[in-house]
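Per-chain residue numbering starts at 1, and chain names A, B, C and D are given in the order in which the chains are listed.
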Amino acid sequence: MRNLKLVVIGGGSSYTPELAEGLIKKHASLPIKEIVLADIGDGREKAGINGDLLKRMYRKAGLDVNVWVTLDRREALAGADFVVTQFRVGGLEARAKDESIPMKYDLIGQETTGPGGFAKALRTIPVILEMCRDIEELCPNAWLINFTNPSGIVTEAIHTHSQVKCIGLCNVPINMERAVMRQLGVDSTRLHCRFTGLNHLSFITAIYLDGRNIIKQILDSPAVKDEVVKNIPNVDWAGGLLDALGVIPSPYLRYFYFEKQMLAQEKENVRQGLGTRANEVMEIEKNLFALYKREDLDVKPEELDKRGGALYSEAAVSLMDSIWNNRSELHVVNTLNRGSITDLPAHSVIETNCMVNAEGAFPLANGPLPIQVRGLVQQVKAYEELTVAAAVTGDRSKALMALLNNPLVHDVETAQRLLNDLLEGHRQHLPLFFPEEGEG
Amino acid sequence: MRNLKLVVIGGGSSYTPELAEGLIKKHASLPIKEIVLADIGDGREKAGINGDLLKRMYRKAGLDVNVWVTLDRREALAGADFVVTQFRVGGLEARAKDESIPMKYDLIGQETTGPGGFAKALRTIPVILEMCRDIEELCPNAWLINFTNPSGIVTEAIHTHSQVKCIGLCNVPINMERAVMRQLGVDSTRLHCRFTGLNHLSFITAIYLDGRNIIKQILDSPAVKDEVVKNIPNVDWAGGLLDALGVIPSPYLRYFYFEKQMLAQEKENVRQGLGTRANEVMEIEKNLFALYKREDLDVKPEELDKRGGALYSEAAVSLMDSIWNNRSELHVVNTLNRGSITDLPAHSVIETNCMVNAEGAFPLANGPLPIQVRGLVQQVKAYEELTVAAAVTGDRSKALMALLNNPLVHDVETAQRLLNDLLEGHRQHLPLFFPEEGEG
Amino acid sequence: MRNLKLVVIGGGSSYTPELAEGLIKKHASLPIKEIVLADIGDGREKAGINGDLLKRMYRKAGLDVNVWVTLDRREALAGADFVVTQFRVGGLEARAKDESIPMKYDLIGQETTGPGGFAKALRTIPVILEMCRDIEELCPNAWLINFTNPSGIVTEAIHTHSQVKCIGLCNVPINMERAVMRQLGVDSTRLHCRFTGLNHLSFITAIYLDGRNIIKQILDSPAVKDEVVKNIPNVDWAGGLLDALGVIPSPYLRYFYFEKQMLAQEKENVRQGLGTRANEVMEIEKNLFALYKREDLDVKPEELDKRGGALYSEAAVSLMDSIWNNRSELHVVNTLNRGSITDLPAHSVIETNCMVNAEGAFPLANGPLPIQVRGLVQQVKAYEELTVAAAVTGDRSKALMALLNNPLVHDVETAQRLLNDLLEGHRQHLPLFFPEEGEG
Amino acid sequence: MRNLKLVVIGGGSSYTPELAEGLIKKHASLPIKEIVLADIGDGREKAGINGDLLKRMYRKAGLDVNVWVTLDRREALAGADFVVTQFRVGGLEARAKDESIPMKYDLIGQETTGPGGFAKALRTIPVILEMCRDIEELCPNAWLINFTNPSGIVTEAIHTHSQVKCIGLCNVPINMERAVMRQLGVDSTRLHCRFTGLNHLSFITAIYLDGRNIIKQILDSPAVKDEVVKNIPNVDWAGGLLDALGVIPSPYLRYFYFEKQMLAQEKENVRQGLGTRANEVMEIEKNLFALYKREDLDVKPEELDKRGGALYSEAAVSLMDSIWNNRSELHVVNTLNRGSITDLPAHSVIETNCMVNAEGAFPLANGPLPIQVRGLVQQVKAYEELTVAAAVTGDRSKALMALLNNPLVHDVETAQRLLNDLLEGHRQHLPLFFPEEGEG
């Protein structure tokens, strides 16, 4: 049997024990021999804590797996079979800026959608493309499973500007599907959801229960409103929106359909001193790592569930299993469109049901998008394509065009001032926009 | 020679003398024998005034043309060669509502773009489709030249739901091109502009001067900022927007690129008691018709230029000439896409350079839209397609989806309340949405 | 558990025991309660023999299944869950004409490809569309699994002209994939083939062994030449054709790539008194039914393997299982393109890897066809679309255009004379072309 | 006024006086100051004769134009405004081979269509791409008007593999349109034909007479049969072919629709000692140049009309006029598809009605091809694309695939042997296929 080597970039992430739990459960069919947690200087301590915890977890499971930690990415990558990326350029401090700077202009502050996601993409893409250069050299057959947000944009950058074999993953679709299953009281042998769209902009377009498409019957149900959408403060989906849409949107669509209400809520949180989600997560992480350090902990602690990211591990591990064992199973992932959604360019990265085997992810043909959501998906895709172009060139005009194409930005003057603030705020992580400086 | 008969629907419009002036100038190649001014009861007086003025104008020109006025549309249409539509369902009172109701929700109030244009489309489409039923029966070979706004959406409704031969026309492109000529001091033998997009959402993508595309050289010039855009209160196009866009937008793009500033200006106007554009136009029209009545007036009065609509007549008459004389000339008009813009459906109506001959308008192949504007054009096209679907069915869900897809509407709750207000405000002109009532 | 009812149209086919064998093997997951063998008058005796044999087979298997035979199609269809079509309009006599008439003009005589397949399509399509009318009325939720050749064209006719849920099936892809497995000595857990194209015009474009695409390594191997292609007299695939193609063609491509040699062989067979394949099959069938009648026979006899149709049963039964149990597995079937092959219309029926569940077959996105085969596939698809149009209208001009578009027909004059001969030869089975007559 | 310089590559062609005649007629709007006749060694004498004749023609016209002859292509190209290509690699001797080698295999021998055109493309493309390198360097703003056959394939090679501004031209469309005019007794102010397809594979899809599409009325008329198709020995278009097609094919479609009859005729010609068309043309050319030499000749001699190429000059000169004077007129030319024909790739070169101005040729949107001809056009386009790929690489596998995709080649074995013969026969002109040798 081959010596299966997995590298986690951003090994200091608090999600790492979640991933390990999934790997241990699936060890029989995905027999990992070596796990490398790679991180940069700032993540050294957390990566070390994770490394020790993983060793205890594998020991408890009775599995002989070589877990080690390194700050040397190239050393880590050599000979890898899978590379999982879960790093965050600039850490939670940068996330706090992504969430707060747009609010200065009365715009949504969110780390994956809107101007916040845009800034995160500008920071992340040059870094991940550098990694891709290493992967092309050191482990050209490895599969890159990208979790780093905004996952769809980052995956499009990789497909456009590297030769690396990459699939973008997000836990939103699997959570939506599971919520539907819970509500209907059925399991995956009887239920199957069809997804179409982009990452954090996807839609369930059909729900097959025993092969009958029942989406119309449950579209506007309290079940869908209460359970399919989670992890984000509530807004009122009442009033026939879902019936009129005819499809079930990802919870992230709240930012587009309820922009005003979401912004009011964000502002109220700040007024109450609750701060942004970044502040909340910093607190959670502090507690988590205190826990991870305990020598008597040798399983994933329940407290991790508060962090979000539910089913992240299950999605990632079953995806790797489908690749490694060439299963030709269906997964909802981010990959090249290649004609699947006829309203989008062939070179766009989309999020949809794909057949996954050892050769990669192949989307089912979708045909045209539902007219109710076609325009929004196309508008956001144009924004994404422009964002990639801005990130790889450091061109301010392209960056302005990208921001202006984001549906959560409404006028050029604000876009110009906001762009300036975002670039200045993240200056040390944007060397292409500030070429005269070295990176901080 | 054939007995060329022209019918003007909305013959009581203050633009009618402008149209007549153009017809008189081009009489040699477009030899009209009969002009019918048709209108409904409310327009009876104005149509009568126009009829008398036109008779004086033709007398002065020494041309023997039979001008008559009628309230019976079917009598007017029988045997027509051209039908020009310039009517407004609900008149300027309805326009005032289109402009003021959205402002209650802090949204742009404009009669062709945004929620105002949406409401106008809902009122207009069922009426024009009824006219099309008459045309199919009484003059099936006639060409319908549609000027009624929103011209692109109305033209798409006609192409989708009737057999009538129709071209949608707007004076924005010809005015943009003339402004470019004026700035460069050249005439149409040396200059040619390529337009792409939708009505009131079009862009000059290339400017050929003696066959060299010089758009990059003049994109961001004061000339373009000052002169290409007119008739709408000023905003600041400075700061590199045009350079970044790489194309020259129609002045109506201000509502999208400067939504915040345009809204502030509209509110300031109201605060100063200036009222909406509808109020302004009512005043202008009162004065115009007082003038038209004067027995000594036998030419188009200069005062009409204030009304806007510059070059309307030239565009319409040269288009009819190209059809009638089968000239295969190029005009910028609204017609079916048929693959010309590869990012839009084949059945969409677009505004672009078309070859026009007796068989109709055939767009030049455009290929993909510039990425800078692709998303916006696609988003607006989805809004337009949904608006047509709502207008022909009276379905409130479709109407909600249409409004929600308009880039100037930002959240579902506002969309729902605004939709309610618009429907109630125009209740008497929306029989499909209030089927229990007769039309007022 | 639901009372699963299966109807076999053309129940007198010699393949019926093969189908039954597969159903018995898979009974646990596909629990059939009732099998109806429906046929027309000419098939009465054979259907009866099959019915008795199936009863003995089920008895031996210890399964309680109600097998019955009828000449009343509507009685058979009422309440069906699956309808399998394996009938042949005009029987083997008509096949003999399909194979011999073209040879009079020095053209390939084959029952699915070329003019023979064209004639078969003209006879079959009106009959199957009549069945579809019955299915729409009597069992609208039933799935039609179409085996009747030319399977792709017939399936396109059903998708275009009925509401029936239909998947077209052919045993060529599964046999090609199995041959590759045999050659490589691996099973389906390690190997996966990607197919693209049309029925009897499909190509393996990738072979994944443990997830690596190895097609280039085995393309031009004797293994592929000897084993992937079977059931049809041999021609020489040597000389670099497969290397140049870059894909592995279905054996039916011999008629296109070796037209001259295949024609020579057909003529030599006739010269030697061997007759056409139809004559051969008649002989085989006579022997088979003699065998089927034997009271002591209660399993599928080995002799059936000579008839061709290997793996027919396995393909059909596993497809029905995937639908019935909503498995979302991959099968190579014929269904609507919907953008999967970007070089073909969305409404075309194609043969490719599809996800199959209770809602139907959904093709994987293929993107563009390999340039080496793109033109041929497009040419044949145009022929197929024209053939459907001719079959449903009885229009001789459309029929002439269809024939002329078949790559195995080379000039108009021959096409005209051949068309005449085919129509006359099958006159009694072509009522739409001879409307003054009743059907024979 | 600019110093307009025109370079004729292949200046020794017998067509040169025809071109000069057109230039003289249009001199007022296309004021040429300099004409260079460039040729290679073999053409020296003929180019010299042409140069002297042109000087006499210009003198007679009273125009001061500098006509000179050179064997140095680079000297000729420097500073050119227009480059017209009418050269033939290998001369009429090579043409004779193009026409005779295929006949050894019972295949059509024709210099632009079928295997002959394929061989001509292989010889021509590397030579013209070398010229393009010179043009890119020495006159990058020049327009290349390509007449060298196969004009569509050569133009596609230039668009795909160079930056040169190029339009491909052919005199077939203008001759077809004029024939229609003659038959109807009308001129171009009343008649307009729509063309779609590829070079030597185009179709009139609509004929607008005073704006009514009358194609259905004249499709199957003797007029169309007798007059629209000329210059090629007759076959019988009777029997409803044109009615069934619904469009009027270019005369070159005879080779596809009447392959058998055309081949028989070619063989009969050889049997009667008439030889191929190349032999005929050699004879005509000998007589023409004897005439051109006469000092008293100072106009284009009538005898040139026998050579074919009618209206060649008019088409070329009015095209250059439309470019030079930025007229935005319509011409039927070969240029990039860019979405115009939705059934062909955007990067394909097509032949259709285009708006031509100083920036180039922009096709009208065609939408889908008529189903009757869609498959053939797609098949031939695949052949063309493969031919370009073979010509620029010298790859025998690609060449085999190209030949096999030509609808006039019917089996692989013949294709292989024929390919070998063609490559050997033209060995000295195919350096990429015989890299070890220098060019002869």
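We take it that a residue touches a chain if its C-beta (ideal position, glycine included) is under 8 Å from a C-beta of that chain, and two chains touch if they have at least 3 such contacts.
All of these numbers come straight from a predicted model, not from anything done at the bench.
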Graph separation of chain B and chain C (steps between touching chains): 2
Distance between chain centroids, defined by C-alpha means - chain B, chain D (Å): 45
Sequence positions of chain A contacting 2 or more other chains: 368
Pairwise chain contacts under the document criterion: A-B, A-C, B-D, C-D
Residue ranges of chain B in contact with chain A within the complex: 236, 239-241, 243-245, 257-261, 343, 345, 368, 371-372, 374-376, 378-383, 385-386, 389, 397-398, 400-401, 404-405, 407, 410-414, 416
Contact set on chain C toward chain A in their complex: 189-190, 192, 206, 208, 210-213, 323-326, 328, 330, 337-342, 346, 353, 355, 357-359, 362-368
